[in-house]
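Heads up, there are several structures right after this.
After this come two complexes, each holding chain A, first together with chain B and then together with chain C.
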Partner chain A sequence: MSSRLRGRPLVRTSYAQDMALLNTPAKRRSTIAIVIASFLVPFLVTDDLLLVLTLGMISAVGAIGLNLVTGYAGQVSLGHAFFIGLGAYTGAVLGGDPDAAVTGYGLPIYVWLPAAGIVAAVAGLLVGPIAVRLRGLYLAIVTLGLVFLGDHIFREARDLTGGPGVGRRGPDLVVFGIDMGESGVVLGLDLAREQRQFLMALVFLIVFAVLARNIARSGVGRAFSAIRDRDVAAAVIGVDLTRYKVMAFAMSSFFAGVTGALYYAVVGVFEPSAFGLLLSVQYLAMILIGGVATISGAIMGAIFISSLGRISGEIAHVLPFISESSGTDGLLSVFQLEAILYGVLIIVFLIFEPRGLFGIWTRIRNYWKGWPFSY
Partner chain B sequence: MKLNRHLVRTSVVIAATALVLTGCRSSSSDEDSGAGPGISDEACPDAVNPDNGCISLGVISDLTKGPFAPLAVPITDAQKAFWKKVNEDGGVGGYDIDIASNIADAEYNPEIHNRKYQEMRKDILALGQTLGSSQTLAILEDMKDDDVLGLPASWNSAWEFEDQILESGANYCFEAMNGVDWAVANRGVTGKVIAVGYPGDYGGDAAAGVEAAAKANDLEFEKIETPTGQDNQAGAVAAILKAKPDLVVVTTGPAEMATIVGGTAAQGFTGTFVGSSPTWNPALLKSPAAPALEALFFQAGPWGPFGTDTPGHEAMRTALGDVTPNDGYTAGWTWSYPLLAALKKADEDGGITRESLVAAASELTEVDYEGILPPEAGATQGDPADVAYRSSVISKVDPAAPTGVSIEQDLTTGPTAEAYDFSKPCFSLQ
Partner chain C sequence: MTDFFQALVNGFGQGSIYALLALGYVMIYKATRVISFAQPALMVVGGLFSYHFTSELGLNFWVGMVLGIVCGALVGMLVERIALRPMLGKPVFTLAIITIGVDIVLRIVSNRYIGVQSRIIEYPGGNERFSIGDVSISHQRLGLIAVTAVTVAALALFFQYSRTGLAMRATALDQETALAQGIRVGAVFALAWAIAGGLAAIAGTFVATGNAGIEQTSWIIALKALPAIIIGGLDSVQGAVVGGLAVGIVEALTATFQPDVAPWLGANFALVAPYALMFVVLLVRPYGLFGTREVERV
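Here is the complex of A and B:
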């Protein structure tokens, strides 16, 4: 057994201690604190903000998936929207209302959620071998082609998707017999639907974040990092490029698939134009702004980008020349402000803080580590 | 340098905490001290009558990016002007009506429409405007759960069968029938008629009307679907030129309609075009397609355009003041009359709540449209086949008129619409 030396968190005396997920007491305590605080958030925050955070947390899983393939494995993928769309429609078709005009089978969540991930992962497995032969910009263009292919398929498959401009409902969200779409008393607590969905999304995020973190610190994760840094050198030391690149795409697509299914189960109605290039770029923005190759960065970036609409609304309240509604009275309307902020933020982060929000967090943490001698 | 950094850091921390604090839940989750959600005894923000309570109406429209933004912005402005006039006349039942605080832009996208509705569903008594047939359908289930009444910025035939929806004016289905009947009687249409429209409810409803009218008038019928976007109309143009019909009924947005008319006319097409009501925008007179539109295009609409001489139109022009004329204003203004009638009826029946408003809305026997439409046009009590309004106005393009169109044939019900068995919606998506 190991004997932990008090006050010396970085002295590792056993392999288990070295490999532990939370290997210092500070990490352990802060993680537990964050998890407890997150479970208390639904009781402290208003419902509309809860919805924003819920969608942010679900997108975070998708961002984590993209981080696995682009951040850890270095394979530029612009096709994330395609896998999200595949997962969303698989979930909607398998879990949707059988009596609607579009196809639906009414299956429970423990069928449609994994199925969404698996269908997307299979698609990722098919794309993976292409990645082996291409790098960088060429891979980006090929994965971009996936998005347009998906766009066409989703528009044409009217029976499954409802068609452009019309859309369909997502799957019904019933977990362990609890209907996430309704408000009322469950397990002795009076929970509104936004609160229920928040807690469900929180559990979902924790499960997948731990899963991704474990992947990242395992042999597979080390192989990914080797491939990212120099794939020729990785091949020389014995990392099987084909296997790990295909694995990277399959894993990230699985994450994207489950994200798509759950996200549109919460949103309710969605239509094929949602899965265009803009969605792929949004996820890339999440990981770039959040911090590439870090799980917590992906989560921070996802929640930040998802709340951008809300943030620009709050800014509009404060600044006088932004008008709230149709835009005839102010210099800018709040919708235009959101679009502008989005682009400006990406530029600002890439120039001033390339490590993203995680980099900012690291700076804050290092400042306080050395305080009062932080200079 | 150092001071700058400290300043930046502290201001960021303050801004972040401020943002976080605005999101805190208040101890009383139901802040409305009134009869229910959307109605409160406190005065509206910037209230005209500070002693009145406040009724909140929501608007979910297409204000920036979608195909109907040029019409939807005037629609929303006209509704703001309408309710301001109502407030100036004393409000309803001791309440002022506030429509400006809950305006959302859904970009003609059902997903965003649903999201915006989720954001406002607890704060509003009713929806003063929900734009788009498929978009409104996306939130209809939730509206029923919440018992929220909605005024659609669309004329879908399905609305006659929904108690939750309070529509005005003849629907796209009857409008298309009236358009075809008029064209057969006045433009010598004999052979083939094509219906070009968006996929989904909007185009599908009108296409169903065209099909019925084609059958009644012994014409060949073909349906073409076309997507939104001016750059995406090449397929529709090619299909029209290939089929060479005598009449094309267009059910798209204004820009797309102009592209189709201009594109086919440039290739020598001389058939008649009849457009559904939302296909006209006065700005089209400045587009390259203007000569073709003047020669070939006619608009089938639910009521007279902006410059028509009726008390209601006059009241609208006075309330709006000096604006560039646009029939979006006419539509927004006219749509609001039934809601006013329903609010007054709910107030008389014992008090305004969401439930009483929905009940009152389905029990109207007439609505005072101040001359824009006959009072029985607003009747909702009874079988849709009996009370649905079936008359349309046919307008021709007239550069001298305020909104670029003037009446060619005033409110008339064509033979097909008169005889049509309206027992279910013309086009059903669900």
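Here is the complex of A and C:
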């Protein structure tokens, strides 16, 4: 039954083949090529650019999480920043330096990383029931309220977060006895700090991307899509709305928590003000610009949005009327340019390419697939 | 007891600002089924227009405010025409996200204007205060409440008795049927955004006459109108007014009593109290106090 027809790689003879992770030879080859190329990147690119890419890949985990709840299950969440914050502080408290002024237990990564995800997921479980009662934009505003309440809690819990203006350090990144914050020889390779962090982020991204892809193509993922497309119809065909909406929030929050803990472990010092509405909007921008309800789109979007600061820096070099300091000289400062780019890109993508970067890729692919008969 | 009444009066004043903003949200929601996250930016922009006309060009406060309202309304129409009209018929979520984009862009532009200093409009009544017993209210707050009352009444009359108001109500009820009756639905959208922009400009003007004036962070104020519309119900005009006032009063009461009664909630809890109130109301009534329950048709 499930045997493939020889010489006809695109013919599927079973449902399992159709739903496989890499269901075409082209996908198989390109995925392997991309993974290999990604592992070579740290040896080809300068350190400052590596850091940007590392943070982009860590953000991608969170963006994939948001895509699960907003893209696949269709529950608009503006509260992602809150869950990321929860993860960041859980990670920082459990893995942080015990001798610092703020609370820290100095536990290893095997404890703080899963804990960060779980604490965020539990918070997601608590939000879930509200989401069951509300639809669409009501839900968006309620999750927005969550960000403000979270912001307040993070500001006030000074012995955990350091408070506004002070902040605290993230946990130390030590995996299998290798300190990601130091440089030196690992497995015969001389790796700088940025190179180590890049490779670690890449491994985490692959693990979580495959995990999310598996969720999306399983029965759970199909239930999510059914709820997104028409929740009444989904309920009629036997999808338990409460259960799957709560599940979507919990899963998405787990991804967010992991992202939070890892991201600020790489960044170092962070403040409660990091987890405001802007962060939520950034994550929404990632999935909208990358491609809604696609894993690869979320990754592309996250890396693109994370590089935006760098890109606007480069633009500032070229355009004379953009100042490189945060002062008031010039027409715009770099930071303002970056924020404007978010806004404009969101609008432009939604109007002209609603499927995002992934949609652009599909179009290019289809053009070459049909070549020379493409229109 | 004096504290209580003073908080109530303060809350009523602040609540008027929220009510004006909430009305703007409801206008846009009723006409287009979209929640406009661009309202904070419209408030700041409108307030800055008034500031420019009064403090920079030296016009009379009321004249400047009217000009500010007109400009705010024009900006609202412009936003609708450029960013939202091309997206007609797309999912409302997409439209809502576009308004977030608009908000960011407009705010950056206005932040360039604001710079580091806060922009304060001098209110003609100065710092004069009226008091009944121990409770006092500033001339500025009284002016705000009066302007809000007049605006709300004018809007209510407009919707009830004018042909355009009737057209707007018809469009809110059913766009296609309205279209079939010869109503220019596009014009109704533009008008709804213009009204929302104008209301936001009034709110912005009065924010600018306050002690802090308009700063780069003032836009947060407009977001507190979001719990207000959720509490009142997204599609209810009287709900917006009641919700706005409720949010203002709860905020003022929390600011007065929470530090003594519940200090464990932390400093500045009043700033997030509206959101807490929203959660409580939603748990009891998922469509707000005055909102229409959504009917599911299969």
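Before moving on, here are some points about what is shown:
In the analysis below, the second predicted complex is superposed on the first by the 356 of 375 C-alpha atoms of A that agree within 3 Å, B and C clash if a C-alpha of one lies under 4 Å from a C-alpha of the other, contacts with A are read in each partner's own complex, and residues count from 1 in each chain.
Basically, a contact is a pair of C-beta atoms (placed from the backbone, for glycine too) under 8 Å apart; a residue touches a chain by one contact, two chains touch by 3 or more.
None of the values given here were measured: they were computed from a predicted structure.
Once chain A is used to superpose the two complexes, chain B occupies space next to chain C without a clash. Of the two partner chains, chain C is the only one touched by A:Val344; chain B is not.
For the combined model, the angle formed at the CA centre of chain A by lines to the CA centres of chain B and chain C equals 70 degrees after rounding to the nearest 10. In the superposition on chain A, A:Glu156 makes contact with chain C only, not with chain B. Legend: residue contacts after superposition of the two complexes on their common chain; A:Glu271 is shown touching chain B, with no touch to chain C. Contacts of A:Val35 after superposition: neither chain B nor chain C is touched.
Touch criterion met: A:Gln336 reaches chain B and chain C at once. In the superposed model, A:Val203 makes contact with neither chain B nor chain C. Judged by the touch definition given at the top, the superposed model places A:Leu288 against chain C, while chain B stays out of reach. Chain A is touched at more residues by one of its partners, and among chain B and chain C that partner is C.
Put simply, the nearest alpha carbons of chain B and chain C end up 5 Å apart when the two models share chain A. Residues common to the contacts of chain A with chain B and with chain C across the two structures: 328, 336. Chain B contributes residues 19, 22-26, 63-64, 73, 76-77, 100, 103, 105, 108-111, 113-115, 118-119, 122, 134, 138-139, 142, 198-201, 227-228, 429-430 to its touches with chain A in the complex. If you check the complex, the residues on chain A that touch chain B are 43-49, 51, 100-101, 163-167, 169, 267-271, 273-274, 311, 314, 324-328, 333, 335-336.
Partner chain C is touched in their complex by these residues of chain A: 76, 130, 133-138, 140-142, 144-146, 148-149, 151-153, 155-156, 232-233, 236, 277, 281, 284, 288, 328, 331-332, 336, 339-340, 342-347, 350-351, 354. Contacts from chain C toward chain A in the complex involve residues 34-35, 83, 86-87, 90, 92-94, 96-98, 100-105, 108, 111-112, 115-116, 223, 226-227, 229-230, 234, 265-269, 271-272, 275-276, 278-279, 282-283, 286-287, 294, 296, 298.
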